[in-house]
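Look at the two complexes coming up: chain A is in both, with chain B in one and chain C in the other.
And then the complex of A and B:
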């Protein structure tokens, strides 16, 4: 192909895609089913706009996605706007302003699309759906457990049950580095080695930094019971001990309500959890991440939240059986059959046949009957 | 709330075998004894370089091995196609993939990533005066990062082999390459002027696999750890 060739009109910008039947309907149904679970637990839905001024969009937790945010100039106000790359900062803004007078704890839910400047090497999408909850104004382990378990319940509601919960303590590594007074550039090197779980580098750098606990905590990651035991055995400074005790309390609260849930604990992972102030977590399905969440500051208030990725959920949820399609010849009435669960497709001309309309059933008298091949 | 990092891998059901990606070539020979001590015995034709097969079962029904190019180990593991692999530190530095964890240093394949230039010009000018420099390498990211850190743009000539020819034939001023003994450099009139990093082979693990199949992955890591020379 030369550069003179006209681009094909089906070609979309990188990372953008059309969702076709039946996937578009399935994704919408998944989102609504998950939102229904949130609503049943008292989470009320909000709908922030796609665009807002960048200074409010990128405040607080929004700073973490600043470099992933598309900007455009508002010709009306002459101020810079951002296209949301994440919904949490918008919900935090709503909670702090328009809903400031509502009694806490405040339980809010949302669903919508977000845009990112860049995909990752592994997942190239730049537009993706989000569905999530925020629990604002509650600082207890019970609140963290509620949010994590609601994610599990929402996934179960759409048929994704092979789920593992990975509990993280994004504040643990900074607390240990602070306690050992580790300063740059050693601090960055050590953070990077921890991020990649490069055991050889961590051991060498942690010894140099005088924070040997990091090596033990790196090795502790794994199934929750073993990891909690290793945390208990580790020699931790007071700030780090408080973080570990809090994580243990959250895991105990989750265990109490979901004894069968597979839980892993990773004390030194902090990847992508830059604004979190307490326990964070990731929900994994067999093929990757399905949701992320954790504790953060919503303005000045303690908050915890969870974001589900409906596109990832869609890839992992078993496909639902398509509804039977009933052919209606001109003059036939389908209301009773639609009420009975059929999709009816009306012929508009003599050229429309049951086959051309991809129908599975036709009416024999008043009774739908499968089409024989 | 954060950037999703989703593997588009095929579904990894708990009962499907883990896939171990091994690099063809130099490292594979050093790896043989280590695999044996770890109790991993691939099918007989695995060691046959002429075999057309790429995926081999092992004595462990829960573990298959694949044989791929060294750089591709990082790619297979990053995408979750292989849950575990053996990759050189050079490959990991170059790929720089957040999806790949390196939990164990295997201590084999010891060498270094270095800068080299023709013996005739080495030391003849002051690199602190450079704005940019042309570099022939198969490690464009490593080279770019290395020179950027000292305020120099590296203009990369990306080659897949025979980097040592590049300065003499006018493709580049310097090369960045893997050096084991230095004899290839010497034979081509080059001298090693700077070591960017010492390199050994690492056992690498896919991030999602470590979270979703922690017991199986941890057991494999433990087998490799036990197989390392004391």
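And then the complex of A and C:
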């Protein structure tokens, strides 16, 4: 389908867009294919509403997106509602209330739209599809590994196989700074230097702070084997050692099931993982980030989850071949041909021709035949 | 999955609800099954955003839901946005702008959520799923018939076959009142009497108004054959006669393709069809209304469309048998069993048992075996 793209952009608010044919159908198909992978592993789908009271929507992990959440007055209750900017807090609410009596671990999945007040400098979108899983009530490295590998399997199911898993420990930097009793403003300076990955600044500030391990861990970032060896060799205070050992256990559990998966480890990265309590993950494809997740608290329960970004997956998935389009003149029946995989398009007036209906085939007797150019 | 339903209802605003397992997965599956039927007939999917500027959202047919539309200030543009209460105005915008250059008729489909400021006395829901089609740029009775029959076919695809089609002519009553030059307040009194289907009041007021055909047409409502005969026999002014003839042509086109379909005709019903310009439809199942649609103007183009209500369809569709759940002990691989239709649920710690994971099967060697009670 051709489109007349540019002149009408201003019809929609910035960061809000129409998905046109064939992309809208492709996105829906890949969301359902990913959810089918989750379902096959026992993840049961929930569908929370787009709007709910802001106090429940912004509780727990929802606090991370409070500034990005559209607010609306509910004329019925006179209370403020939020338009969800993330689905995880809603799943946590469902797990803690309506599914409180279901045995743990609880495996839940979801798919739907989220909305954000503003785009970011990197991504202007203000409405994004999400498809994800939450594994609630399991605290083991096996649980983290299951969730990360389900992301890989879901992407493979839609043809995205060139994927790398980045493992993060967002609690590591705070643990090292706590152990060295580093306080503001030095703490903020170090955080900024780490965020910039400025090795010279980190080295100088970490020495000043009495947290030299930060320098070693910044340098350790890279392919998992080398990074794990460097982590193992680093001189870490007990809390940081526990964090490192846990990451090693999660990576070992992933390796046991997916020996060929490309894994990197970034011990001091923490940006954007504000509510995580353990190992976090990012899945990358050739064109960028495809999913993000990790360990957190779902209410008061240990949990791990992953959110895939179907819009990013759509850009990386190979397009399906379009179905052949069969022209039906008035009175011709298409049921058998639809069952055989044709899209049928019926003429509704004498003005409708195979060409105007963008058909690739017409019927010769009962047999579809390609239209000659 | 058991749920702990009542104590937590107040956590969500009135009319907004969570869909739990297995209903959320069932609803998604039936939406995709219905969209697959539309796609097989050449309807290509679009996905407009949930939010857009209110002036485009409330244009055309959108005016009918203006009072039901949540408004939000866009902090980027400082303009007002609306949270869609209906999808048809958005599809009309897409057809008129980005798809303006695609040959007509244009067949588009969509699925998504809509939100409304308040529930109605009959239906308290404020978020509802919609799945629909729009056939834009075709003015024939064949077009109306195609859209109505696609609704029937989509419902059949999800197992809802006990369906009746109610055909309405929402322009008939205004045409009769216009022809008789009936003005307020008599016009409003007659409309209210028709809405109540109060035959005695209608007869008295219609006689006073000089529009006696209204009495005959009110009595004509019922199974299509009898109603069409009564319409044919009625003494109608020219505009009303054209409306009646068009409805007869649409019904004939439907009958030609679906001779067994139960069709009723209600010549004077108009309530809730505020923007329709020709024949309108309601599809009913045993539990109530499942879809609504009809002819309207998409921008300046003749169009006909249908919206199915997946929440209502879900209540009427037979539940699928749950998939067997196979317990996987650590180290057991489930890929082959998932491919064979099992849901596999992996133990993540020694606490996870087949019973706690609600499994129906365990592996005996490589073979799934039902768990004895």
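Quick note on the criterion: the second predicted complex is superposed on the first by the 363 of 373 C-alpha atoms of A that agree within 3 Å, B and C clash if a C-alpha of one lies under 4 Å from a C-alpha of the other, contacts with A are read in each partner's own complex, and residues count from 1 in each chain.
The definition used in the following text is that a contact is a pair of C-beta atoms (placed from the backbone, for glycine too) under 8 Å apart; a residue touches a chain by one contact, two chains touch by 3 or more.
Every value quoted in this text rests on a predicted model; they were computed, and no experiment measured them.
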| item | value |
| --- | --- |
| Partner chain in contact with A:358 - chain B first, chain C second, else both or neither | second |
| Which of chain B and chain C A:47 touches, first, second, both or neither | second |
| Superposition-derived comparison: chain B or chain C, residues of chain A touched | C |
| First (chain B), second (chain C), both or neither touched by A:115 | second |
| Which superposed partner A:329 touches (first chain B, second chain C, both, neither) | neither |
| Touched partner set for A:88, first chain B, second chain C, both or neither | first |
| Which superposed partner A:320 touches (first chain B, second chain C, both, neither) | neither |
| First, second, both or neither for A:56, with chain B first and chain C second | second |
| Parts of chain B lying in touch with chain A, wherever the complex brings them together | 1-14, 78-80, 92, 97-105, 200, 202, 205, 208, 210-212, 214-215, 218 |
| Residues of chain A touching chain B in the complex | 61, 64-65, 68, 86, 88, 116, 120-123, 128, 132, 162, 164, 166, 195-200, 221-223, 264, 266, 271-273, 282, 284-289, 292-294, 296, 305-307, 309, 311-312, 315-316 |
| Chain C to chain A touching residues, read off their complex | 1-5, 7-8, 11-22, 24-25, 27-28, 32, 35, 39-42, 44-53, 56, 70, 72, 74-77, 79, 81, 83, 90, 93-94, 97-105, 107-108, 110-113, 115, 117-118, 126-127, 135, 138-140, 142-143, 146, 323, 325, 330, 334, 338, 342-346, 348-349, 352, 356-358 |
